[in-house]
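Here come two complexes built around subunit A, the first alongside subunit B, the second alongside subunit C.
Entry: the complex of A and B
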């Protein structure tokens, strides 16, 4: 840090005065990057190396640990794992598609700025501010069989008592509903920003040319929202892979594994079964998935941020 | 003013937005409804008495809210303070300097947007143990001290500032560090504010990592505390107390959002990623 301060503290004038620049001056940018790089190395790059290594390290009951693929064969042979992967796919599709469609509909309906739309936007955006565990606490009551909020009001329509989180055929859907409720407003904000960036003249011109509202939506608005859509899609996918707090609090992956997700499985192996080998192998699989995702989307991500800024 | 949004769309959106608000409405009503109002009223959204602060008192005394608030504020504040240093320096390097490997390094930095900390909990946990940071507040903060999003945001912010200011400072003999601290950062307040809002919101709401990185109750943050608290109160079906506890956890950010709505919204749309 001292060296950094000293180098950074060197007056910039040096280069303009045409004195000989000290050899170290070229290091300045790297020193400025060093603090960030240090933390990234320790908690982003090194963990990837480490987790690959420990996923390939086999610890038997006897003898020294050796290299091997046993962790992976144990992982893929574990029915809990394959179920978790399947659930993650369902959870991703179930949160992303309705979440984005609803967000887009909200944004389209609330795109004009009036006092009413402002209030409605706030109502939809509020869930994104609270922790997912807080949402889980609220939905623990909403989904409570019989006395809970949902059953209480559904009873008016003659719907019988339902065990939303305890019924294997409903539990994942209930978890998905919480995520959609929580994230929809966040995605709506992006669509609102995207909609605001569409030039009015384009829509007006189309209107004069006789394009109806549906045509304008599909021919102008949606194509121009392309970058926003790609960007939100990436965030939503990341969220689907990383947001499992409500699973931990509400269902613990149950009933009978129906709400177990990839990250929950990792958490379970590490925290409850102390099976580091299998947890590492599962982490490598997730990192692999995210890495492919990043290669596909880094461009659209960067463009997306540019676009928003 | 022309009205482009059809009335039925607006009506539909209003109904949906009210539906969206129901969990909050229940939280508000149930938290101030005194216990003993009857099980049938538990789910009622209609604000019916008797009202009182009993649930809040119960929540406050059965949880460790002062400690959880303190830990959460320390974690969020600590992360933000360190982030401000790391992202300003790196943001400056990427915005204003030329050096070999710049493009590759920038791409490597951005990789953190995808390789998010929750995915890396297992290896990060062993790193934490090796560094003797397990079960400490700095341990919770450590993985977040560098922020790819922050670097990106500061780079963009610095780029919008005309170089004239810096050149004037250079003529006056200012050093790079002085330029960053005294010239660029004061001009970057909107960018910094946006970053602060996103950073604080993210870490205030973070659950999985603080849960895994700590074991003793004295190091629990609000989210972890709420989870244990809810589990306890749920067993006793004390839903009013749960509503009050949830309110205590969520209220600061909700209030900040309602008060500084415009700031929040622009920060979030600027960000997208934490």
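Entry: the complex of A and C
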């Protein structure tokens, strides 16, 4: 934040402020940041403090609340929580890896700008314009056993009626497929931007030196895409943890908890079981995990940038 | 001087309008389709026109579960809505948490006793509206599970559409005959029913009751009977339908998939709410009939639907205004009109004495069957922490439907989870003993 303050303040110091009131100059950046800081404090940090507090407040049915760690012990002892964590890990791996690989392949295929690739890019990026809730409602019909679009076309190849969302072994996979479809185009845009930033000369030089397309991809393109990849990885991880609209619309975490994710678990504890203590404890745990993940990813992101320059 | 006059006039107008109308809000859910929301809007406009002293703002609050959530949130925030149309089985939890107005006082003010007031409604509906002899809810629209079957499918399978299955034995036989398999693919199922959360627990409780069980303790919110033979038997029957008879699809099917299959002739029978009668009537192109939910030991179904409640924490004026609204909404005329529009029962017995209701029942024999089944209806599963306790059962039933667990193991696990969810309440009530 201080670094940012300095950055904002620099032009002012150079131009006018220095001449007139040097005393106030030191304060200016903080004054400029005050409104944002106020909102951050009120709407981000204060709620975090509140959640931590309520995760440590133990409430029974009738009777005064007291402080303690019971919410956490109840959380870690809950099989539904363990299932939700497991599902979230599978979901994260299942959406991030295929999502990024597909996005990269699309970006590589559509990197030249022609009228055709322009159209194709738009088509690939289109799902990102559809809100997740709307997409989920569309997929409710696509996934309908037998009568849905998917089963309709699969029937041509002799595939029998499939209960995409109602079969516990398929439901999470179906939810993952929607997410990949939805986010792939978005990630492709980042990769396209990253590809555009790779100097042409490097590729040309490699070609003259006799490097084949595969070598060029692995030796030049991918290493130089490092920072983009790190950035997209952070976005994709956050998406995997924070977007569960389709779970609420399509499965409500079912059948038998097979599509319950961490965030959905929190929602369920807070809103269906009115167990605010356990919901808060789960929130603290998941925010903690997200925080560590972002720190690690941002650090590797910075390293990537140094590599490039 | 002119300024004074204007100010006085404005003051007059202001106090006048303040006296003219008590502002209240009504939270209402729409469990089935969007067109119900418009009808509710229209009803409230009529009410506002007829009652100059009250101005009601209808607030569409989503599904039953969403409405529960929003009402809780509003009460916690100190701004309770004046009246709410609440899923009938959530009422008990509001009583347990002391968040709901006991209606006896308001009923007595009108010169009636609680018992006489409740006698105006069908007996099965009183269970979820009262608690230990006190009234807490006024039944608004209600339903029961119902068996729908396709006449064409019955004829095609060599079954008599005039004689729908009555016992589970008939039911299983019919389902087997109706199911049509083509290699590994199934072109027509014998029976389908929604297995998603909420619906699953409701239908399972109906089967347990038809199997001689109680399913839950109607008098105390801390007990459910998931491991009782009546419940385990019901779940075994579902398992048989899916895995032995191959008459019902494996896994969980949602209500949309069930109705779509029924409309397309891809299932011979379905179990669905009586609240969907109008929807099925409007969309089914071939002839269909309805019948009681078949029994193993008893004819029995749980009620569903919603009651009107008054959350605690409103001013006496708002409470009185909301009570007027509730009485108007549950009057025979309005109750009957809403019933004809939606397919739900009119909870007021007198609604069925009205000429337009008699004409309607005569024209729609399916509505008559649904009404007749009400004589066998029981209370709707309600406990402390009811959503979680219900979900424990549903996770188990879904595992059985998907072939991932045996009925016995699934129900043992469900009972254990339900007990854990109810424990805080049980410890403060049934297990709180003098020392």
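Criterion: the second predicted complex is superposed on the first by the 268 of 309 C-alpha atoms of A that agree within 3 Å, B and C clash if a C-alpha of one lies under 4 Å from a C-alpha of the other, contacts with A are read in each partner's own complex, and residues count from 1 in each chain.
In the analysis below, a contact is a pair of C-beta atoms (placed from the backbone, for glycine too) under 8 Å apart; a residue touches a chain by one contact, two chains touch by 3 or more.
This one's a predicted model, so the numbers in the text were calculated from it and none came from an experiment.
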In the superposed arrangement, which partner chain does A:271 touch: subunit B (first), subunit C (second), both, or neither? both
Quick check for you: in the superposed arrangement, does A:140 touch first (subunit B), second (subunit C), both or neither? both
Quick one: is A:130 in contact with subunit B, with subunit C, with both, or with neither? Answer first, second, both or neither. first
Could you look at A:30 and tell me whether it touches subunit B, subunit C, both or neither (first, second, both, neither)? first
By residue count, which of the two partners contacts subunit A more extensively, subunit B or subunit C? B
For A:212, select first, second, both or neither according to whether it touches subunit B, subunit C, the two together, or no partner. neither
Where does A:168 make contact in the superposed view: on subunit B (first), on subunit C (second), on both, or on neither? second
Where on subunit A do the contacts from subunit B and from subunit C line up? 140, 144, 147, 271
Complex contacts: residues of subunit B adjacent to subunit A: 3-6, 9-10, 12-14, 16-18, 20-24, 26-27, 30, 39, 42-45, 85-87, 89-90, 92-93, 97, 99, 102, 105, 107-127, 142-143, 145-148, 151-152, 156, 170, 173-179, 201, 204-208, 211-212, 222-223, 226-227, 230-231, 234, 239, 242-243, 245-246, 249-250, 253-254, 257-258, 261, 265, 268-270, 272-273
Going by the contact rule at the top, pick out the subunit A residues touching subunit B in the complex. 5, 8-13, 16, 26, 28-30, 32-33, 35-40, 42-48, 50-51, 54, 102, 105-106, 108-112, 116-117, 120-142, 144, 147-149, 151-153, 181, 184-186, 189-190, 192-193, 213, 231-232, 235, 238, 241-242, 244-245, 248-249, 263, 266-267, 270-271, 276, 279-280, 283, 286-287, 290-291, 293-294, 297-298, 301-302, 304-305, 308-309
Write out the stretch or stretches of subunit A touching subunit C in their complex. 60-63, 140, 144-147, 160-161, 163, 165-169, 252, 254-257, 271-274
So, in the complex, the side of subunit C touching subunit A is made of residues 65, 69, 72, 184-186, 195-197, 249-254, 256-257, 260-261, 264, 266, 384-385, 387-388, 391, 394-396, 398-399, 401-402, 404, 421, 424-425, 427-428
